[in-house]
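Just below sit the structures, each encoded as structure tokens.
Each of the two complexes below includes chain A, the first together with chain B, the second together with chain C.
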Partner chain A sequence: METKNNWKAWLYLAPMLLLMSVFTFYPLFNAFIISFYKGYRPLNGTIEGYTLLENYLVILNRPQFWVAMKNTFVITFVSVPISIIVSLLIAVALKSIPKFSKIFQTIFFLPYVTNSIAVGMTFAVIFSRDYGFVNVVLGWFGIDAIDWIGGTSNWWSQMAALLVFVIWESLAFKILVFTSGMQNIDKQYYDAAKIDSASKWTVFRRITVPLLSPIILYISITSMIGALKSYNSVIGLFGAKMGSPADSMMTVVAFVYRYREKFASKGYYSYAAAAAIILFLITLVFSLIQSAVSKKRIHY
Partner chain B sequence: MEIRMVNLTKIFTSKNRKEVHAVDHVDLTIPAGKLIGLLGPSGCGKSTTLYLIAGLLKQNEGQIYFGDDEVSEMPPEKRGIGLVFQNYALYPHFTVRENILFPLQNLRVPKEEAKQRTYEMAKLVGLEEMLDRKPKELSGGQQQRVAIARALVKKPRVLLLDEPLSNLDARLRLQTREEIKRIQRETGITTVFVTHDQEEAMSISDEIVVMKDGVIQQKGHPQDVYDHPDNLFVAKFLGSPQINVFDASIENKKVVIDGMPVGDTELPDQKLIVGIRPEGFAVDKTKKSPLKFEIDLVETIGRDTTLVIEVTAEESSLLDKKTFKAIVEAENRIQPKDVVHFIVKPEKMHLFDLQGKRL
Partner chain C sequence: MSDTFNTDTKAYRAKKIIRSVLTYAFLFLIAVIVLIPFYWMILTSLKSQTLIEEIPPLLFIKPSQWDIGNYRSLFALVESGMREGEPLFPFFTYLRNTVVVSIITTIGTTITTILAAFAFSRLNFKGRDLVFAILLSTMMIPGEIFILTNFLTIVKLNLYSENQTYVQVLTALTVPFMTSVFYTFYLRQAFKQIPNELYYAAKVDGTTDFGYLLRVMIPVASPTIFTIIILNSMGAWSAYVWPEMVTMQDSFRLVSNGLRGAFTDTTGRTDFGQQMAATTLVTLPLLILFFTFRKQIMRGVSRSGIKG
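Moving on to the complex of A and B:
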């Protein structure tokens, strides 16, 4: 039976496989190849030979690349845990107010359907020095206006603003997934816990979180991958200058983009490809570590 | 601990705003230390009653007392109840030990004592060897016993079981119901369990409470309820095979079915409904009895024989069905197509008025 109908399975998969080959596998493979070219000029397609590591070494020796790496890692390892915890708490809170939970669910989901460039511009206004909402609120407590993201701002304040934006933006999807995940938890567990005199905190810690753990794993892997690829949030908040001084807030993807922009210069295309491959490998390694660690801690 | 319900009412409002009285002004006292079966068809309000006692649902009207202590407004965790859910609701990520320990941890019982009590409970339900397993590594019957242990470990005043046997296969069901009876006897805890299976309720309950449409139909010792059903519903609900129900009349102090007299009565002439238990028929070997039928099917199970009789008369006197059953001793050696004369045992014949009330 199985072997006989194999061609049918392939037939059904064919459209997806075709699209993926053109838009995923080929570019990935091609980026890999390009990262080994020497003196590549994409305009006329000429190369001056091959090299195994030269392009990678060039990238790793650029301070700008390490700025991008630092920013990417800070965004990933601060925003992902915080946004998971916050969205879990919001999802639990939503569950305990059944009356308005539909309305709040809609409100919390709005950021997801909003363009992140537009939201970024809004945040840029919120964090602006002279008339931004954040400084207005700080002003009520007698704190002097801070230049969060303007010309005189430093890395810390810019990163703080960026993290607030990134976390806020990523909450929507997580809340949605967690609320639907919680709906799949049998209500009887909660009734049983109530009868067993469990406090709300105990129920959250010992019942909700463990029973949601497969979903939490899924969310943490996907959002970690997403955060490692951060790019539009930086553009949205800081514009094409990407921070002050320029490029100080760039991420690895932004770095790739900057180098790709210089394609007219000999070899830059290969540097960009090398940076992209490095990011790809980092993402892969973290995903593998995460799923290996979680396998031991997840109960199903 | 005696459980007393006074005027207890629970109303559910459906989406089209229709009100359903799931429990309708119920007054019921459950004596201390007994095993009580709440029995009825689905939707009769038995589970709702259980959840009202547990406090997971809130009544619209009425009060609940445990002894002299009114618990009507108490949250479930304050009532001191143990509840076993229909699908057990064991936490799948906890081991058996952690499941049983969980209520004690929440009550901040000292560690050593909690450990001791967990072991004692596991021993009571015969699972002391399984403490480190996860629920999914246990059979349905074992899971059930873990759920009972978890319910009992905090020494509740009352044990409540919601359809405790419905998720078990037939053999395990017999075993488990005896197990429940044993555990209840050993602990002496007032226990209420809900079931739609009359055999289950009859076999282990000290008392059964039959419900229908949120109203208690009858309450009492299982045998008493079976022998003296207050109404046609109770008569039909208890007993397997079901009681046979006939349209009948009383003529000159004789109960008559299809022109055939089946028994005597002191009641005045009237139309009525007669219920005769299948075991209420006996074969008249003298063949003098006027009550005779041709047999269609014979089911022999060794100890006795079930005769299936089709009533073919144009206007059948039989209510609901086309056939009725009689259970007679196997030694009669009856074959299909035989015409058998029957005597009806008077104590197995129940007379009801046309509304189904016992006469």
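Moving on to the complex of A and C:
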């Protein structure tokens, strides 16, 4: 009875598959093609030939690309581990309190329902030298005002401000996922630990983390992939200038968009495509690690 | 014997109290850190020009000192330059655009997602698992890679030009996003919970597949569909990159782009009071939506972290 549905099933899938063919599969394929074009003018659709690596070599030789790579990797490898550890601690703390945990959970979730641009602009005020909250707090400890993101700031202070903002933004989702993950852990493990009078730290290390590890792994990888694509937070905090001096806080995605904007100039679209594909390959490595590790876990 | 036992419990109790005080203190500190940006945003937006210029900045202002001048000036008409005759920050125009885009995208996404999830969960066809696996794998691909070609597609479809119309903008802003693999996956799980017996009973009664989807599956899975609708409609609020690329005129902008644009286009000094008034206006509707549908939103988002 059900096998007769064959062609009808495709009819139900048609709207989705049609949209995805045009806006997902074809663009993925086409991005590779564009990156092999020579002298491409996207608006006329004209090219002057093909090349395998030239566009890639052009961007790999731009110092700007390496600035973008450095910023992207610093954001990824600093913000993700910190936010995972902090949100795990918060989730454990939330689990151990008898009262108010719903209120705390709601407050902690608020950053998720904001808009990166709006909050980024707010953080720019918070980190401003004269009018910001951060320097007020530092003042309480007798530390002189720092120009975090203004005209006289350096790379370190700008990156510090960006990381604080990115971590602030990313905690919400992780806390929620970890707390709901912990709710799924069988209570009898904790009861057994109680009978053995295991310390809280032992319980955390021997029960919570191992049983939560598939979720921790999944969230780590997806957060790193997300962080590799950082862009909105940079625009929110620094504006279109992206740092001081201009572009010093640029990310790889920002690099792609910068070159895309110059679509009127010959060849730039191919540079943008090449940079996007490099980013794609990096994220692919992360996804492969994730699927390899999670497969291993199912086996034992 | 009983004495030692007593002191033991006392020490244990004291330890327990200290631990719970420390835990609450830690959570309270984090809560303060989370709330500070919201507080600073609203505080700054309510400061008058003279209060803003105080160094160090005031941490509290009395209700009698609250000044809505910043909000008023957002709607004052610009006297010269590119935006002459328009409000400094045409919030309601941006709000309308965002709501319209959000509604259209959500209707489209909900329809395509329901149909696809139905096929994947209820119907049998050759290659079903393969197609599903391919769709799932696209979730890991950074969207940036699609944007290059999608922009050209929009240009080719004549949706982006000097004299772009509102309908053209709306088409460009919504159609590419009228589907979602994640929501399909999410809804498929909900559909799979519905017992097969219902389907066969409906078949015996002569109900068609589509009738069964409409009259049984959608109502049963309506909490999940509702969550999808809410989460999806929040998407338009944070959209920035794509709208920035495909909108030509300022009056077609969405809130994020309008917000960033309004305070980057104007050269000269940054007016923190006005900026924060604008960010407060942009943040508020999202917060209202969140507090109205807190449960559904949090349930839906937590599901996206624990796949399967």
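Observations on the structure shown:
Convention: the second predicted complex is superposed on the first by the 268 of 300 C-alpha atoms of A that agree within 3 Å, B and C clash if a C-alpha of one lies under 4 Å from a C-alpha of the other, contacts with A are read in each partner's own complex, and residues count from 1 in each chain.
Note that in this section contacts are C-beta pairs under 8 Å (C-beta built on N, C-alpha and C of every residue); 3 or more make two chains touch, one makes a residue touch a chain.
This one's a predicted model, so the numbers in the text were calculated from it and none came from an experiment.
Once the two complexes are overlaid through chain A, chain B and chain C fit side by side, free of any clash as defined at the top of the document. When the shared chain is aligned, chain B comes close enough to touch A:211, but chain C does not.
Legend: residue contacts after superposition of the two complexes on their common chain; A:260 is shown touching chain C, with no touch to chain B. Contact with chain B, but none with chain C, is seen for A:198 once the two complexes are overlaid on the shared chain.
Between the Cα centres of chain B and chain C, as seen from that of chain A, there is an angle of 80°, stated in steps of 10.
Of the two partner chains placed by the overlay, only chain C lies in contact with A:173; chain B stays clear of it. Within the superposed three-chain arrangement, the count of touched residues of chain A is higher for C, of the candidates chain B and chain C.
Contacts of A:61 after superposition: neither chain B nor chain C is touched. After overlaying the two complexes on the shared chain, residue contacts for A:152 are found with neither chain B nor chain C.
Superposition on the common chain A brings chain B within a closest Cα-Cα distance of 6 Å of chain C. For the contact definition in use here, the chain B contact set and the chain C contact set of chain A share no residue.
For chain B in complex with chain A, the touching residues are 54, 56, 75-77, 81-83, 85, 87, 89, 91-93, 102-103, 106-107, 150, 154. In the complex of the two chains, the chain C residues touching chain A come out as 19-20, 23-24, 26-27, 30-31, 33-38, 40-41, 44, 52, 55-57, 59, 111-113, 115-116, 118-120, 123-126, 128, 131, 135, 138, 140-153, 155, 175-176, 178-179, 181, 184, 203, 209, 234, 237-238, 240-241, 245, 255-256, 259-260, 263-264, 272, 275-276, 279, 282-283, 286-287, 289-290, 294, 297-298, 301-302, 305-307.
For chain A in complex with chain C, the touching residues are 1-3, 5-6, 8-10, 12-13, 15-17, 19-20, 22-28, 30-31, 34, 42-43, 89-90, 93-94, 96-97, 100, 104-119, 121-123, 125-126, 128, 130-133, 135-136, 139, 168, 171-174, 176-177, 179-181, 184, 200, 215, 218-219, 225, 228-229, 231-232, 235-236, 239-240, 253, 256-257, 260, 263, 269, 272-273, 276-277, 279-280, 283-284, 287. Taken in their complex, chain A has these residues touching chain B: 186, 188-189, 191-199, 202, 206-207, 210-211, 213, 299-300.
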